[in-house]
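Heads up, the next two complexes both have chain A, just with different partners, chain B and then chain C.
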Partner chain A sequence: MSADGTAAATVARRERLKLAAHIGPGTLWLLVFFVVPAFIVLRTSFYSFVDGQIVPQFTLENYLRVFREPLYAEVFVKSLAYGLIVVAIALPVGYPVAHFIARKARRNREILFLALIIPFWTSIVVRTYAWKILLGNSGLVNYLLQSAGITDEPIRFLFSLPAVLIGLVHVFLPYMILPIYASLEKQEAELEQAAQDLGANRFRTFVRITFPLSLPGVATGCMLVFIMTVSSYLTPDILGGPSQAMISNVIQSEYFETYNWPFGGALSVTFLVFSLVFFAIYSRLIKLDGGAAH
Partner chain B sequence: MSKRELVSRRRIGAGPTRRDFMRTAAGIAAGAAVGGLALPAVVRAEDKIEGELLVETFGGEYSDAVQKYVVAPFEAKYPVKVKLANFGSSSEQLAKIQAGNARVDVSWFGDSRVYLAIKSSAILPLRLENIPNFGQQHEKFQHPAYEVGDGRNYSSAMVWGDRAIAYNSDKIATRPVSWDALLDPQWKGRVALKGSSSAMVQIGALMTGQDFNAIKDLDAIEKKLKALKPNLLKYWGSGSELTQLFATGEVWIADFWRGRVNKLKEDGTPMGYVVPKEGAPSWVDCVVVPRTCANRRAAEAFIDMSLDPEVQKNFVTKGINYAPSNVHTQLSDAERERLGAWPAIFDSAVFVDAAYQATHIDEWNQMANRVKA
Partner chain C sequence: MTASELDVELTHVSKSFGMVRAVDDVSFGVGRGEFFSLLGPSGCGKTTIMRMISGFEAPTSGSLKIRGQDVAAQPPFRRPTNMVFQHLALFPHMTVAQNIAFGLEMERLPKAEIGRRVGSALELVHLAGFDRRRVSQLSGGQRQRVAIARALVKRPAVLLLDEPLGALDLKLREEMQLELKRIQREIGTTFVYVTHDQKEAITMSDRIAVINGGRIEQLDTVSAIYERPRTAFVAGFIGETNLLRGRLVEAGGETATVAVGEARLAVRPEAPLPRDTEVLVSLRPEKIRLGPPLPETANRLDGTVESIVYLGSHTRYRVQVPGVGGLDVDVQNAEPAAPHEAGRPVTLGWQPAAAVVIPQPSGRAE
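Here is the complex of A and B:
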């Protein structure tokens, strides 16, 4: 062994320590507050539920019931459909905003960026309640409609599917805008200039150069918004009517009304597995990480 | 020394490995969540009423009332320092007490959760010899339907009430007499119903002429609730939510609590409250001693104080406006009318049979989720 070898070993050890220092706290945090609780949910999902009590007795009944009862598939599909609709609205709404901030807003970029981040400082409960005030029978929207003479009676917006969708798009829109902004911002300006030098007009430049290069951001944004929408609990609860319960609301009722944690756990685990499979296929198809940097 | 032994020695020398840690952490957390159900009760018999008492109750106005009308006279009488804390819901509190990680000496509790708390040994039996006022409660609270019926008592009652028809008397001129009023197409989109599965089943049972403590035909209830759905604006979750819906005129008729309706009236919403001919489900706010209690004697003295007729009178007339559990509480006729504290109402009140509910709640919840889907 030469001195070089020892030095290399020292460097390697230092690197390892550095790595541990970097990822250690985050890993520990996730371990204690995510992996352990997830493990408890998984373990409980195989327990029995007898006479209102959780009995640590192995059973597959909870999982069988998830697939036996059409109700859960229905709610699951409904949640997926809400996810797709919200993505379909948030993408065309969010893309131009991201494009504007990345391309046009040279001087005000920081202010606009801040405006995007500010909603995160307010609790989602407050933001969702704000829609209740805006859309309520005696809310601002109805007041304006009535003052303008467009309607005589207040129009009911709240407690309906549109209200839920409006709330979800609003709450999750920044998650669409930020990744798209990031991938637009990373593009080299020369590419667009080159396209235009070669005779492409602005529309063609956008369609052939800018948009394809921003696809990784679009894919990430769609994924984030979709996942968060599908698993949302609060918005359908506050803004929804009698028919807008989503999968999280059903899971909540198992945990807090029947105390059937085993079945609630089985629903959660099934939902999680479906989401992971979906995510794996999606990222394989779209190559989420591969393209993101280029 | 074999290689394996060396490895294991090194591991011992190096302290717990990550896997050990994970196993321990998972064990602790899992034990806290479910295993705690089986831990034996920590019982300390003390004769002196002193020291510190950790009391937990519902938040908001409720907590203020407990502080002013129960804690204050208790601290004036005994050398005990009470620390009052709040929780969001009985469900939350049950999970906490079952986990058994935190000391709680006395806790308020919804009647529907008392049974589960007893079954999971999360609360201690009351030593009635230390609670002389216990016998002043209405018979229904001394032998409650919401306990397990093992010959012991685990809860005392504080206040109780019913959940009957609340309606906007400006919009609905004729006083409703039956739960069927919620199905009236005139009120389409103006109706709300409590959205918990047990609450839905209770109203559905009354609408189909059944006893919600002995349901014969759950399908009929499901059909009825599905028929009601087109009329509904919303399944309500919290009292403040429905209060707001009544106050803004978005809901005209719903199942609601008497005290909330009184409050709406005081705040200017024209409201009526009627117990329909089919009857109305009742509820009780109970007080229990969790198994993590570390000052049992003081806890029992506190419960005794909560049952004192004078304390109860102040609590229900100045604090939380529902009927007191102590039948010897002196109330004027006007107060009885307002609080729903007439003896006749006591006698006709139907409480949830908790054992029956516990064995059926799973089925009910599935039905309720089907109705909502």
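Here is the complex of A and C:
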């Protein structure tokens, strides 16, 4: 009996060690590179900024300023709006691609899949600069338009809302396609056949079976693209310039141009809190939805 | 059976996938209200036949009629057939009632009628009161019933079932076999049933087509398939049997004599066979009498008990007969103790009609 107890205790200890070995490194990583910096940002956001100096003196002024000056509310709203617009474009563009790869592509499926993955290996900077070259005043698009005689003067695409949106959709599209592809791929082939067997044509099969069952993938894709867009920094910087600044660009300029870390911190924390609240609501809704889908 | 009474009719149907001939010149007709089974080992083409009937696969050649109509041009969603899929394929995002209503909604029937028919379908499969359950909240047997109800609620001309009980454990399987049989009797729909389980096919079917390598080996009633197998494959696949290779040495009249090794066996061929025909004699273990032979027993062989396996309802003896080989013999366990011991000499006996003679194509390399 006691031997059993000891054995059980050993097993339990081994299980705990195994668990620690599994989650230990990840936890440490998060602690060092996320929790600690976040805590530092949080602390600095309550410091004062006097004559270009950070003074460790408690104040709520930074937060009051975030809400007082309309510029920041505007940037917040603008960033969220960009997020929604990019999702609204990426979903109808990405879904058919995912559907095509999952259902129609037979032989070239691997190639298509590779084409989807390769962008992940390429720096966003490079991919965004490519658009700069394409859309510039002497870029390919303008060259073609001029050669075709559609326009005499080059059209100014860069540093405009469309340029930023094109860049964002391009950069984040794979994050929409992949989760949708995954959820389509794992659907049993028999389900669509059963629908057809019961009298549904292709269109109704898609509407009643394929699409509803892919909703978890759609939700994940939308979520990823939204997060990445709202917090994107490089694309609006490179293709949009100051007039198209999003939250991250504003925060960046507070930290590295005016060196007002306390205010930059307050912006970051406010943004983070908003995001968390948003995710909480979203995942609640999705859970309801996911429940319906499973 | 006249052609107009046939719900399904395949005429010289073949199907090739590239180099693979999955179905090879198959013809059969299924009568109205019949329980018809396709029985055969894995990969013999059963699913392919079902998929051609339901429209998911087009025959490479041959014609296919449902209720007298050629359906070659009809896509699956227009055919008057419904399928119970191997993995059921219940829609996971719908309730039981929504699953069953799906096919009726596709016909754009009025809501009230859909509700009524879903209700009676649920009653038919004994699932009344389960309508609002999610599919994930059902047991294996209950899911099975939903899949059957979902297909039957459409009132198909033919219900196709592709190994629908394959995933269930033995007990539930046997229960569902009887259930399916009851349902079929109640509604009188034509069932085409696929299985690789010969017991299942025997329990449920009116007629069985035994398929091997894409071809029909034998199409017959259940008892004919068991009692009068026409090929060695059928004899071995349906039930168990002793196959003795021999040569017809004496022909004429009702009975003939086959030489198997040193033994001479009296047999009764279905049709007269010429002398020197190479034959297989199929002799089921339960048709052999073990022990002191009755006076009128025509065939007697002396052997030695090699092994004994107790199987509950009966005991299986393996008996070595010099010059013939090993024979399996089943003895009903009417009394608790096994009456014979290993190593003891015994006598086997059977009547000529108990064995089936299967002529072998001459010159067949073995």
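Remarks
Criterion: the second predicted complex is superposed on the first by the 274 of 294 C-alpha atoms of A that agree within 3 Å, B and C clash if a C-alpha of one lies under 4 Å from a C-alpha of the other, contacts with A are read in each partner's own complex, and residues count from 1 in each chain.
As a working rule, contacts are C-beta pairs under 8 Å (C-beta built on N, C-alpha and C of every residue); 3 or more make two chains touch, one makes a residue touch a chain.
Since this is a predicted model, take the numbers as computed values, not measurements.
Annotation: superposed three-chain arrangement on chain A; chain B versus chain C shows no clash, the two fitting side by side.
In the superposed pair of complexes, A:Ile209 makes contact with chain C only, with no contact to chain B. Of the two partner chains placed by the overlay, only chain C lies in contact with A:Glu188; chain B stays clear of it. In the superposed pair of complexes, A:Val11 makes contact with neither chain B nor chain C.
Using the contact criterion defined above for the overlaid structures, shared-chain residue A:Ser138 touches chain B, although it does not reach chain C.
In the superposition on chain A, contact is made by A:Gly199 with chain C only, not with chain B.
In the superposed model, more residues of chain A are touched by B than by the other of chain B and chain C.
When the shared chain is aligned, no partner comes close enough to touch A:Leu114: not chain B, not chain C. Between chain B and chain C, the shortest distance over C-alpha atoms in the superposed arrangement works out to 42 Å. Overlap of the chain B and chain C interfaces on chain A comprises no residues.
By the touch criterion given at the top, residues 31-32, 35-37, 39-40, 43-44, 47, 49, 51-54, 56, 69, 71, 74-75, 78, 136-138, 156, 158-159, 237, 240-243, 245, 250, 253-254, 256-261, 263 of chain A touch chain B in their complex. Considering their complex, residues 54, 56, 75-78, 81-83, 85-93, 102-103, 106-107, 136, 150-151, 154 of chain C touch chain A. On chain B, the positions that touch chain A within their shared complex are 22, 25-26, 29-30, 33-35, 37, 89, 91-92, 94, 115-116, 119-120, 189, 196-198, 229, 232-235, 237, 248-250, 357-359, 361-362, 364-366, 368-370, 372-373. Partner chain C is touched in their complex by these residues of chain A: 188, 190-191, 193-201, 204, 208-209, 212-213, 292-294.
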